[in-house]
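In structure tokens below, several structures.
Heads up, the next two complexes both have chain A, just with different partners, chain B and then chain C.
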Partner chain A sequence: MMNRRKVIKALATGGALIGASVLMPGLALAGWNKEAFGSENQGMAMKSLLGAEPAASADVSLKAPSIAENGAVVPVTVKTAVANVESISIFVEGNPTPLVAEFMIPAGTKAEVSTRIRMGKTSNITAVVKADGQLLSASQETKVTIGGCGG
Partner chain B sequence: MAGIMKVKAKSKKEMTSVKLMAKHIMESGQRKDKKTGEAIPAMFLQGITVQHGGKTVFEANLGTAVSKNPYLAFTFAGGAKGEELTINWVESTGKTGSETAAIK
Partner chain C sequence: MSMSRREFAQLMGLAGAAGMLPLQGFAAKKQSSELYEVPSFGNVRLLHITDCHAQLMPVYFREPNVNLGIGGARGNAPHLVGDKLLNHFGIRANSLEAHAFTSLNYDSAALKYGKVGGFAHIKTLINRLRQSYGSENTLLLDGGDTWQGSGTAYKTRGMDMVEASNDLGVDIMTGHWEFTYHQEEVLKNIKAFNGEFLAQNVFITEDALFEGADDYIHDEDSGRVFKPYTIREMGGARIAVIGQCFPRTKIANPARFIPDWTFDIYDDSLQELVDEIRGSESVDAVIVISHNGMDVDLEMARRVSGVDVILGGHTHDGIPAPTIVKNNGGKTLVCNVGSNGKFVGVMDLDIRAGKVQDFRYRLLPVFSDLIPADSQMTKLIEDIRAPHMPWLSEELAVADELMFRRGNFNGTFDQVICDALRNVNDAHISLSPGFRWGTTVLKGQMVTMEHVLDQTCLTYPETYVREMKGEELKLILEDVADNLFNPDPYLQSGGDMVRVGGFDYVCDPTQSIGKRISEMTLDNGEKVEASKSYKVSGWATVGSRSEGADIWDVVATHLRDRKVASIDKLNTPKLKNVAGNPGIMDYS
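Moving on to the complex of A and B:
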């Protein structure tokens, strides 16, 4: 079902890159932005995923604990009342790779997403909403007492 | 094949709320093997797509910082009791899967 043709096409066009991508061999998924997910800098990750850095907005609501006992599982909910939302993405500035996840919101789906993320250390969480070509964000600091990235 | 997706989808007032948990270790590539000291290679779910009646209602691109056994919750317009959702996933290794779940 996952559209074999699309996968093969992505493999063919990305063929030259496969050899270089030892760390992340997952070129098969067309929508997965390898550069953004691999970027170690939040600003760079935002630029390569969204094209620009977002502006803080009160229209975006980010719900996350202010203190997380366990950085391996930090519950996060992002929602917004803005119309025509295209995507919601979550960044954690202090993580080795700040981009956590990107969610596509097709028309008809509510602009509200909950998930659980990992945080290596105390850091800002930023949610970015892309709507009508605009980039809106909300940030919050979450203190982590036990990191979730190491072994 | 036994599925990795646990899905609770509930229809209410012409909206369907979906709670989804994937059973997956989400190996980040940051951890080290305690015995050998070598890094354990990353292996994680990269993409999850949920379709209803042929239409994509949700699509997630995940990185390594998503917790083990990824949890996602979202709501979409439409969907009725007894209808089916199709969930497709892609792992960073290229492995894919497709599963279905009924709306309650």
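Moving on to the complex of A and C:
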């Protein structure tokens, strides 16, 4: 069994993976939905990216802290066990442009993504899974605080 | 007695005037033995201390008269003060226990009953509680906030408290302010600690793992930095104890000291761990030693099942009886045992046939005059303090009134700190954190440097002076108020409201963030304007290190100058929608 450190080191140093990560921006750019990523309204961004607004589903797992240790790098993990996942996208309602990321999930890939997102203030985070043409979502509020004054 | 002759004379004078001259030998043996005579019950005894904040010596400590519960917490433990607390727990008014658990008649009762805590006294009590039960069937658990809060802890980077904890015989601990030293120092202190340091909710960051921090962490696969739980066999039972550190350590305190570790509540990880322990370790009971704070512990007990007892700390609530929380797995007992060495919790459990059948609980106040000091601990404390006595013992000013901090809003000692910041740093406005540690000084007592350090000693003491707009100030107040009054305990951080100097405000704790604070008004009657700049002084910045003098030196300068510790005006907010709340009394 590969441990966390090995996985992380492999991700960071593996030649093939580095190649992939270098290629990724280009790939992403090719499918760049400027309207969705530039939208200042979450509902509009969802419609623009996915065609409709999603329905809340217990099949989507969204893991994010209830209070962020650092709003500049909030760790978020989204996973789902539903079949035929095409994409996972993440929205932060309170950000100037709510659409934060869209991950394309190739067929046969485990639908689990982890990333760090930037949040300027307390907001709902919503993860949307597109699978078999359906839009499923999970939401959670993450608090961003100035900190200090602990007991 | 640790009082100076002058202090003692002053106290006697005051006591005489109040008609409360302490009876010679209040420490009558009979009363002492009754108070500390705890009948044995069951087969396992858990002794619980927490949040001593490095108070090695006996101190005075006044409980709050404002500890508001909002939303579901209103009117429930721990949000009860004064008579409301006494009635809830059936404690007789004007008794020694009433003095221990409330601020009622504090001045006169403190004179009558004397100081509380002190490691030499705690040790005698703990030893008695262990021996009378059968030491092999007892465990001593410390909820943390042990290594910070005094001048000697600061100078020794917490190591004095590690030595004292070892002499006390602490078996298991977890932490919060322990993490305000650099992470290498934390590891070094833990290595010197004879007991086990447990934390299921502290993980290594991925960056640190990549950099090769894996040589010291407990478990690479889970990423846990510390051992999450331990198994102990006693009284014919197998007990699991899980550690839970303060989940907001990197938010409430500087993240820069512990860059490689990340904290949260992680109740899903806790549930997995409990299920795993119950499944594979054939335990009869699961205990959590926690630094979540009592409101978070209560919520965690609702969400996580399979935990028999949560021994909690952080919020400094001295609660005479456990709160019983029902959940999917049955029920969980939630305790909290105050602060500053004032209490020892005694949880006797009857564990048979694979489960906890019954319990008996006592929260014992440690009245230093009633318990003889342990000589070995006394010697250790003397050795720890000796090199620092010239610093600690400097007499700065006489207290013109009772000096205390604990409570949701400005205490009198906070006001002295806020006044000192404005006076010494020539600022319009001052801010001081709403910590819950800080001891009490009686009226007429000499305020020493040690008292000032009790209120201010932390590892990021630098002060600042900077221009701040009115809207920024409001934002800060709103943010801190939300950390205190958010009805969801998981969104609270456990401190009290930031203390202010130079202005007052109106606060409605029942509102949501952005709407609690209004009518910010300077002492001269002018309204604080959103777009106007004010010169603000404060201390204990968690972001980056400030440049100014250490806060204790600022306060000492102010007190030396004044010679009397007094307050011209207490800056405390006018409150809305708290009428009838059992968490407030004598507030105007």
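To be clear about the criterion, the second predicted complex is superposed on the first by the 117 of 151 C-alpha atoms of A that agree within 3 Å, B and C clash if a C-alpha of one lies under 4 Å from a C-alpha of the other, contacts with A are read in each partner's own complex, and residues count from 1 in each chain.
As a convention for this text, contacts are C-beta pairs under 8 Å (C-beta built on N, C-alpha and C of every residue); 3 or more make two chains touch, one makes a residue touch a chain.
These numbers come from a predicted model, not from an experiment.
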{"item": "First, second, both or neither for A:Thr145, with chain B first and chain C second", "value": "second"}
{"item": "Partner chain in contact with A:Pro65 - chain B first, chain C second, else both or neither", "value": "second"}
{"item": "Chain B versus chain C, judged by how many residues of chain A each one touches", "value": "B"}
{"item": "Which of chain B and chain C A:Ala52 touches, first, second, both or neither", "value": "neither"}
{"item": "Which superposed partner A:Trp32 touches (first chain B, second chain C, both, neither)", "value": "first"}
{"item": "Touched partner set for A:Thr122, first chain B, second chain C, both or neither", "value": "second"}
{"item": "Chain B and chain C footprints on chain A, overlapping residues", "value": "1, 148-151"}
{"item": "Complex contact set, residues of chain A against chain C", "value": "1, 3-5, 8-9, 12, 65-70, 122, 143, 145-151"}
{"item": "Contacting residues of chain A [partner chain B, same complex]", "value": "1-2, 7, 23-26, 28-29, 31-33, 37, 72-74, 77, 92, 95-97, 99-106, 108-110, 112-120, 148-151"}
{"item": "For the chain B and chain A complex, residues of the former touching the latter", "value": "15, 28-32, 34, 42, 46-47, 49, 55-68, 70-78, 86, 88-94, 96, 98"}
{"item": "Touching residues on chain C, where the partner in the complex is chain A", "value": "176, 206, 209-210, 214, 220-221, 223, 246, 248-253, 255, 262-265, 293, 314-316, 433-437, 475-476, 479-480, 482-483, 490-491, 493-496, 498, 513, 540-543"}
